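Some structures are shown below for you to check.
Here subunit A shows up in two complexes: once beside subunit B, once beside subunit C.
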Partner chain A sequence: MMAWVTDYPLLAALLALVGLGAPFGALLGFAAVRFRAEGNPIADEINAILPQTQCGQCGFPGCRPYAEAIAGGEAINKCPPGGEATIQALADLLDVEAPPLDAEHGEEKVKTVAYIREDECIGCTKCIQACPVDAILGAAKQMHTVIASECTGCDLCVEPCPVDCIDMLPLEESLQTWHWQLPAPRSNNLEIIATDSVTAERAA
Partner chain B sequence: MLADYSILLIGAILVNNFVLVQFLGLCPFMGVSNKLETAMGMSMATTFVLTLASACSHLTYHLLLQPLGLEYLRTISFILVIAVVVQFTEMVVRKSSPLLHRVLGVYLPLITTNCAVLGVALLNINKDHSFMQALFYGFGAALGFALVLILFAAMRERLAVADVPEPFRGPAIGMVTAGLMSLAFMGFAGLV
Partner chain C sequence: MRRVYDFHGGIHPAENKHQSVRSGIRSAGVPAQLILPLSQHIGAAARPVVTVGDYVLKGQVIAEAAGHVSATLHAPSSGRISGIEDRPIPHPSGLPAPCIVIDCDQQDLWTPHQGVADYRDCDASELLELISSAGIAGMGGAGFPTAVKLMGKPGRSVKTLIINGTECEPYITADDILMRERAADILEGVAILQHILQPEETLLGLEDNKPEAIAALREASASASHVEIVTFPTKYPSGGEKQLIEILTGKQVPAGGLPGDIGIVCQNVGTAVAVRDAVIYGKPLISRITTVTGDAVATPQNFEVLLGTPMQHLLDLAGLQPERCERLVMGGPMMGFTVTNPQAPIVKTTNCILAPTTTELPPPPPAQPCIRCGLCAEACPASLLPQQLFWFAQGKEFEKLEQHNLFDCIECGACSWVCPSHIPLVQYYRASKADILQQRRDHAKSEQARERFEARQTRRAQEDEEREAKRAARKAAAEKRTQLATQEGGEDPIQAAIDRAKAKKAAQQAGTGTEPAAAASALDTLRQKLEKAEQRLAQSHASGEDAKIVTALEASAERLRGKLTEAESAASEAGAS
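After this line comes the complex of A and B, so read on.
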């Protein structure tokens, strides 16, 4: 055996690599069949980026179905609650150009939270049925109220209210929602070279 | 016995830190350190794969290449072993634990190109480690990588909001920071 290896070193090397590669390939092939995963991992990642308002403004019944539609090739600019930031994140993930928001599905607004003027509420439960995230509490002929931390600000409860007692209030900044502002670029006309300012002064 | 292994671990984590002292695996160090969360995911995935790949390549070398007198094939064989280990781990994790896959999943394929993994495998051969030593050396190298990656990511999160002069923003200040961290880690020289 050893003599054969020293007599034909090139052939031995080739055989060793093939001998290493073939079982590995077989192992991976076996694993691909044995450990086949269900579900579409890219749809999971898209779903994680979408704002989870479940508002249906994109024309799909919720964020998860829209994420699956995007994975299948749907346009990425149909989500008004997410706005430009979501489109940009989706474009980065899918490695495509970021198109502007499709105005057909609505415009980007400041984040809001629903507020029920409770003395006007007649307890009709229509807003409870409309809420996609079950953030409205109440029973028939009882006053309703909104769980503010659960409300996604999707506007869907405003339309069905027969006495128009639901307001969409802008979300107040709290310790949980506050973000450190990124430093703004100081100015666009930076004086990189000392002579730049001199010529600018002369021109002025 | 125990002292030997702890010296091996501390040596790999602090004294001969793979990123900041031996300058291996700089690509993921700069690339995935923008957010603390992703850095943690990457650290966990690397720890897992590095330990496993270190042991597997040690076995390949001593059970296949050395008996056949084909030591010169070690680099290409190790690359093969690492790629297979990474792919196989990803498939198994995806099936067996979707939660772990969500944490590690995105970063696992990236590790194939992490040169620290190949570096550990080759250094094991150079230093003539036994199987257990190779296992501990790989684990220590991974812990060292995780330590500096998480520290660096935490610093870069602060740097992103700091008032840095405009020409230094982004990767430039990251490089400066990495250099200073490297200087600090050089101070561990002579500890073991």
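After this line comes the complex of A and C, so read on.
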């Protein structure tokens, strides 16, 4: 055996590599079938970052499809409700540069909630069918109303309303939503120390 | 002598407490109007049970607790409800909030009330019920509903009951004066708390800068030795719950935990008195002791004031010189906040109103860059790294902030106080905490939206599937029916039924139609039908269709022929007659 190896070193090496490669390849192949990942884990992670407004402003029918599209290489800056924060989080996750929000798909706006002017509602159920999160309550020829706590502010119910009785109201600041703001950043003139102003005068 | 411990950091700001303790507690009387915010405590806002125009007596319930963590609200004086509306309240936001407004009739008539004869005969749940219905919320500052705090978690025993007589914040003397004047009441309240909690030991902790209070408490407790009075060197912020626990027991409350986790319950001395009044006299929490102080008032002093009294009323009693007062602070100079409207009322947690002059409490100088001197880390009583938190807060690095235990910050302001660059550090932490909480809420909401969206998707898919299945079932049934009909050699039963119905109609028209035109038209249609049937038969013969269909067509043609002859004979008979 050893004699054969020393006689045909090239052949021996080849055989050894093939002999190693074949079982490991088989092992990997088996693992790929046996431990196949259900769904797309990257898409799940992306979906967890997206704001779940389900507004479709990105051009996809909901956040999940957009997450899958991003996993497949779609641009990450098409989500206006998420805004810069979401783009930044996605960029961190995917380890890419964070581009500015694509204005084509809309701008980052204040959070709103749909409000149905109930006197004008004719009970057509069109908005109920449009709502992606089932946040509108009502029945045919009955007045409809929005469950404000479930509304994502996606705007999708505004378009189908035949009598234009749905308003998107910005969320009002209340004691529950109010919070302290970061102190205003230091104004620049405070950073000048005495010698700075002297040099500035000389330069002038 | 019990050993006392020390906590990390702390500062020694000018106390400025002597001004307001020159005279005793003074009653603030009944103002013309009382404004009672529905939310004076941590937890859900109370739910009003009165309507505008109702007459209420002192001590009557005007709003009941909404949920487990909430507190009942009572009328502090008799009068008529003149509104349930948004009014300015003492809150850093300056936003108005729903309040019940009472126009007092100055009669101050009590609603019938009665305490329990002997609290020792009552069990804990009964007493907790009394405390809860008296609307007592922690009087130290946070305003957590006391009954909920006393209830604790089931199955957890209380080892140490700590009564907090530590009033570490400068200027405030409300607890100090209470301990001086009502030491016996406090001890009575503590005895009730002991009866509820059955602790192994009870400690009343206060700093050594209150010798009068210590003497009063020692004297009162000489007869009843159920409470150990513990004094320790003055330092800010030893009045913080976690700091006081560390001073008295040497134990630290775990990060993110509650004192209950290490078998300790903390209660303020003011709360103890409120508990006593509720249990022994059946009086709900309708008044408290509030310090009015600062150089801008002529006579700084402590008032026993009805909840809901506008701050302006107290300031007038104390002799406010408005021209000297630039801003009004609720609470002390370290942790208090500016109140924008002096019409805001006193609430359950208002321990002090500070009306400082500008020289006394100057506006903070402009912030300079952080020089990393580390003084803040030395001063922090929670052993945090304030300068590090400051950098993360500026960069909005929320994950790092949480890793550096931002939520253990008690917002005492010691770091800002020592900062040589005058950086408003606490504001950074408050804003960051709020941002993080907001982010958590947003995330919870988006999770909910995602679940609802997915539920809707599956529902719609299911609906589509069901519709498709129904359609397929209908199609199969129809096919089966035609197949069955043709198998039996007969014609399509539906078509036959239609034919029968038509023939019947025709016969009726023929029979009842007195005018021969109707009968003639019926005859015509029959003839046309026969013609069509014969044509169809010829066609099928020509194209060589299935034998079964041919026989069926022949049968129907035969029947039509029979009908026609019948009708014709009937018509001719009718014509003959």
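Quick note on the criterion: the second predicted complex is superposed on the first by the 138 of 204 C-alpha atoms of A that agree within 3 Å, B and C clash if a C-alpha of one lies under 4 Å from a C-alpha of the other, contacts with A are read in each partner's own complex, and residues count from 1 in each chain.
Everything below uses one rule, namely that a residue touches a chain if its C-beta (ideal position, glycine included) is under 8 Å from a C-beta of that chain, and two chains touch if they have at least 3 such contacts.
Just so it is clear, the structure is predicted and the values come from calculations on it, not from any experiment.
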item: Touched partner set for A:Phe35, first subunit B, second subunit C, both or neither; value: first
item: First (subunit B), second (subunit C), both or neither touched by A:Gly21; value: first
item: Touched partner set for A:Val5, first subunit B, second subunit C, both or neither; value: first
item: A:Trp180 touches, of subunit B and subunit C: first, second, both or neither?; value: both
item: First, second, both or neither for A:Asn47, with subunit B first and subunit C second; value: second
item: Contacts of A:Glu150 with subunit B and subunit C, given as first, second, both or neither; value: second
item: Partner chain in contact with A:Ala135 - subunit B first, subunit C second, else both or neither; value: second
item: Residues on subunit A lying within both footprints (that of subunit B and that of subunit C); value: 180-183, 186, 190
item: Complex contacts: residues of subunit B adjacent to subunit A; value: 60, 64-65, 68-70, 73, 76-77, 80-81, 84, 87-88, 91-92, 94-96, 102, 105-106, 160-164, 166
item: Residue ranges of subunit A touching subunit C (in the complex, touch as defined); value: 47, 50-54, 62-64, 132-135, 150, 152, 173-175, 178-183, 186-187, 190-191
item: Subunit B-facing residues of subunit A, complex; value: 2, 5-6, 12-13, 16-17, 19-21, 24, 27-28, 31-32, 34-37, 41, 44-45, 180-183, 185-186, 190
item: Residues on subunit C engaged by subunit A in the complex (per definition of touch); value: 39, 91-93, 95, 97, 366-369, 393-394, 424, 427-428, 430-432, 434-435, 437-438, 442, 445-450, 452-457
